[in-house]
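The next part holds the structures, each set out as structure tokens.
In the two complexes below, chain A is the common chain; its partner is chain B in one and chain C in the other.
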Partner chain A sequence: MKQAELLIIGGGPAGLCAAISAASSGASVLVAERNKNLGGQLVKQTHMFFGSEKQYASTRGIDITGILLHELNKYKENVEIMTDTTIVGMFEDGVVTALHKEDNYFKIKPNAVVVATGAFEKALAFPNNDLPGIYGAGAVQTLMNVYGVKPGNKVLMVGAGNIGLIVSYQLMQAGVQVVAILDAAPKIGGYLVHASKIRRMGVPILTSHTVKKAIGKEFLEKAIVCQVDDKFNQVEGTEMEFDVDVMCISVGLTPLNELLSMRGCQMKYVPQLSGMVPLRNDNYETSIENVFAAGDTTGVEEASAAMVEGYLAGLCAAAKIGHMTDDFEERKNDYVKQLESLRSGPVGKHILSGIEQIVIKGEQYV
Partner chain B sequence: MFEKTGIPSEEMIMGKFPPIERINKGPVAVVECYKEIPCNPCETACRFNAITIGEDINNIPVLSKDNCTGCAICLSKCPGLAIMVIDGSKSDTTVQVKLPYEFLPLPTAGEIVKGLDREGRNLADVKVIQVQNPKSFDRTPVVTIEADRSIMYKIRNIRTEAK
Partner chain C sequence: MRIEQHPILQFQKGKKLKFTFNGEEVEGFDGETIAAALHAAGVKVLGRSLFLHRPRGFYCAIGNCSSCLMTVNGRANVKTCVTDLEEGMVVETQEGKGVII
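Here is the complex of A and B:
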């Protein structure tokens, strides 16, 4: 059984920031990351981030991993990183089971855990949606920006949220034609500055449209799309045909929460946070003592918010297990202010109305 | 409509342009940020206090046309590539426009490229005056083009052809 003071599950933006925060407080930290590399989704985000200076605004996502690892390296005596390590179970007695590579199972007994497992992509149901050439946006971004492989030549983007808009732009940067971006919603979901910069490249954005079906024998050859009415029902006679070899599905993410559920954390379905999320207190501690959560697993948002949540959860988790720093209140207030600031606009209002439903105040979880 | 198409209306666009007298005096930024999002690098980047967002980073940036020197630092810092610089001081018939351009091939000075509007439609052939791509711009090159005054409020993008 491996002993650990604080186990952080996930080495993406939230997990890395939790590790920095906890290690800088003096806690011994073990970071378990299932991929070969740290950084999570940051490694494919070639665009500049929004937010303010404290959340690395205007810096490209691909460069933020390096900044975070450099910071983490300052506390390397306190930090152990295990890549290629998937956490497969969290049990009542506090034991966590892990799988390193393909055959090395082992147990970990941490004093506290920060779950920062992120989110996964939602799918879209339509006839022939399993044809080769129909990808999730994450896969397209990985192929293109991590491995330098073009996913195809002509793309129909399905989803006009920030990911759909950004991946469309990056496809064009890679020399791939994007024929259109559609979204079933009546309005563009992503930031309009992103929408405008794609629109001025000549790509139409079709709101209130969905995919009717995909056509192809061995692989995708055509996409049939149509309008939807205000109840999202397909409107007969509005079909359009696009000759494309790629359809990129970008219809949102949902929190990756199996470990929290398995551990017995109280969970709630909150649409504004995009799925099942753990109830938590202001310190990001769940209904199970010493089990903390941060980032998209507590509700899908931008990576800038995930990083601040990570810093906050790491700080509080470290304090909870005996590493209360002199500047704890000051740092906590700073993170709380940053989150308030990120969430004070129209998009943030929606998120906040979700968070209200999961934050438990009072003694119960403190 | 803007929220359905990503295309700002003429009224919205004109609301962001400084008055023509200011444009004719020398380079000045046009900050086409129309919707509140949590973001303030333009304010942080400006050394002349010409862009104000304030405490709430969701506020829409406000440009001071008097403080702005048209230095174009903000162009490469805006994650939404929403800022351009326009300069009407060089000629009575044309304006010079600086645009962020993150595509290959990058044009070179003297080259003729397609000038596009906010829908990506071809407006006119325009001449490239300068291409800036220093390390400090962090892979967001800034291209200066010369365009006829008749399209000064319409031009917002360029297209280069692979050689």
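Here is the complex of A and C:
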């Protein structure tokens, strides 16, 4: 049985920030990451971030991991990092089970845990949606930006949120044709600055449109698209055909919440947060004492918010297990203010209406 | 289908590696995943669904959805989207659920 003071599950933006925050408070931190590299999905985000300087605005996502690891390295005597390590179970007696490289199975007994497992791309239901060539937009981003491989020649992007818009732009940077971007909603969901950039490059953005079906034998060959009415019903006679070999599904993400559910944390379905999320207090502690959660697993947002949530949860988790720093209140208030500022726009309002449903006020949950 | 020129990124390819896909020799590069190497070589169909035997490609590319499971070096259910390519790997389309060794 491996002992750890604070176990952080997930080495993405939220997990790394939780580690920095907790280690700088004096806690011994063990970070478990299932991939071989740290940084989570920052590894493929070639675009510059928004937000303010504190969340690395104007820095490309791909460069943020390096900045965070440099920061974490300052506290290296307090930090142990295990990559290629998947946490596969969390049990009632506090034992956590882990699998290293699919060969070495072992147990960990931490005093507290921060779950920062992130999120996962949703799928969209239409006939033949399982054909090869139909990929998550994030998957295509990984293929292109990490491995330098084109997903195909002609792409239909489904979803005009920020990921759909950004990945469309990145496809064009990689020399791949984007024939159109669809969204079932009557309005473009992503930032208009991204949408304008794409329109200027000649790609139509078809709002109130959806995929009627995909056509292909062994892989995608064509997509049939149609309009939807204000109740999202397909409108007969509005079909259009696109010759495409790739369809990117960018209809949002949903929290990866399996470990929290397994541990018995009280969960709630909150549409504004994109799925089942844990109830928590202001300190990001769940209904199970000493089990904290941060980042997309507590509700899907941008990486900027995930990082600040990570800092906050790491700070509070460290304090809970005996590493209360002199500047605790000051740091906590700073993180709270940063989150408020990130959530000040219309999207933030939507997120806040979701958060209201899961936060139990006060320091103590139970 | 590899990206030749990119305005932001530079792809430093690793050493060229040889592996086999269903018995045929394929080339990839050190540092990339099995699924990325196969896709670059034009292979989109990685497996078949259990009951209807429909073609399966990758979907999430982050090791989460199990759409890319293949048999690698005789071992079933390998997540090829997050498993690094190695010289001489024997990669095969998996039939059925596979057997854990």
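Criterion: the second predicted complex is superposed on the first by the 362 of 366 C-alpha atoms of A that agree within 3 Å, B and C clash if a C-alpha of one lies under 4 Å from a C-alpha of the other, contacts with A are read in each partner's own complex, and residues count from 1 in each chain.
Definition applied: a contact is a pair of C-beta atoms (placed from the backbone, for glycine too) under 8 Å apart; a residue touches a chain by one contact, two chains touch by 3 or more.
Just so you know, these numbers come straight off a predicted model, no measurement behind them.
Per the definitions stated earlier, placing chain B and chain C onto a shared chain A by superposition produces no clash, and the two fit side by side. By the touch criterion stated above, A:120 is placed in contact with chain C alone, chain B being left untouched.
Angle at chain A between chain B and chain C, computed from CA centres in the superposed arrangement: 100 degrees, to the nearest 10.
In the superposition on chain A, contact of A:133 is made with chain C only, not with chain B.
Judged by the touch definition given at the top, the superposed model places A:173 against both chain B and chain C. In the superposed pair of complexes, A:49 makes contact with chain B only, with no contact to chain C. Shared-chain residue A:252: touches no atom of chain B or chain C. Once chain A of one complex is fitted onto chain A of the other, the partner contacts of A:219 are limited to chain C, with no touch recorded for chain B. By the document's definition of touching, of the two partners only chain B reaches A:57; chain C does not. In the superposition on chain A, A:39 makes contact with neither chain B nor chain C. Touch criterion met: A:148 reaches chain C, while chain B stays clear of it. The gap separating chain B from chain C in the superposed three-chain model is 5 Å, by closest C-alpha atoms. In the superposition on chain A, chain A positions 60, 173, 175 are in contact with chain B in one complex as well as with chain C in the other.
Put simply, chain B touches chain A in their complex at residues 2-8, 32-41, 44-45, 56-58, 77-82, 102-104, 116-121, 138-140, 156-157. Chain A contributes residues 34-36, 41, 46, 60, 120-121, 123, 130-136, 138-140, 142-153, 173-175, 218-219, 256 to its touches with chain C in the complex.
Those residues of chain A whose C-beta lies close enough to touch chain B in the complex are 47-53, 57-60, 172-173, 175, 186-188, 191-205, 207-208, 304, 341-348. Taken in their complex, chain C has these residues touching chain A: 1-9, 11, 13, 32-33, 36, 39-40, 44-46, 49, 54-65, 81-82, 84.
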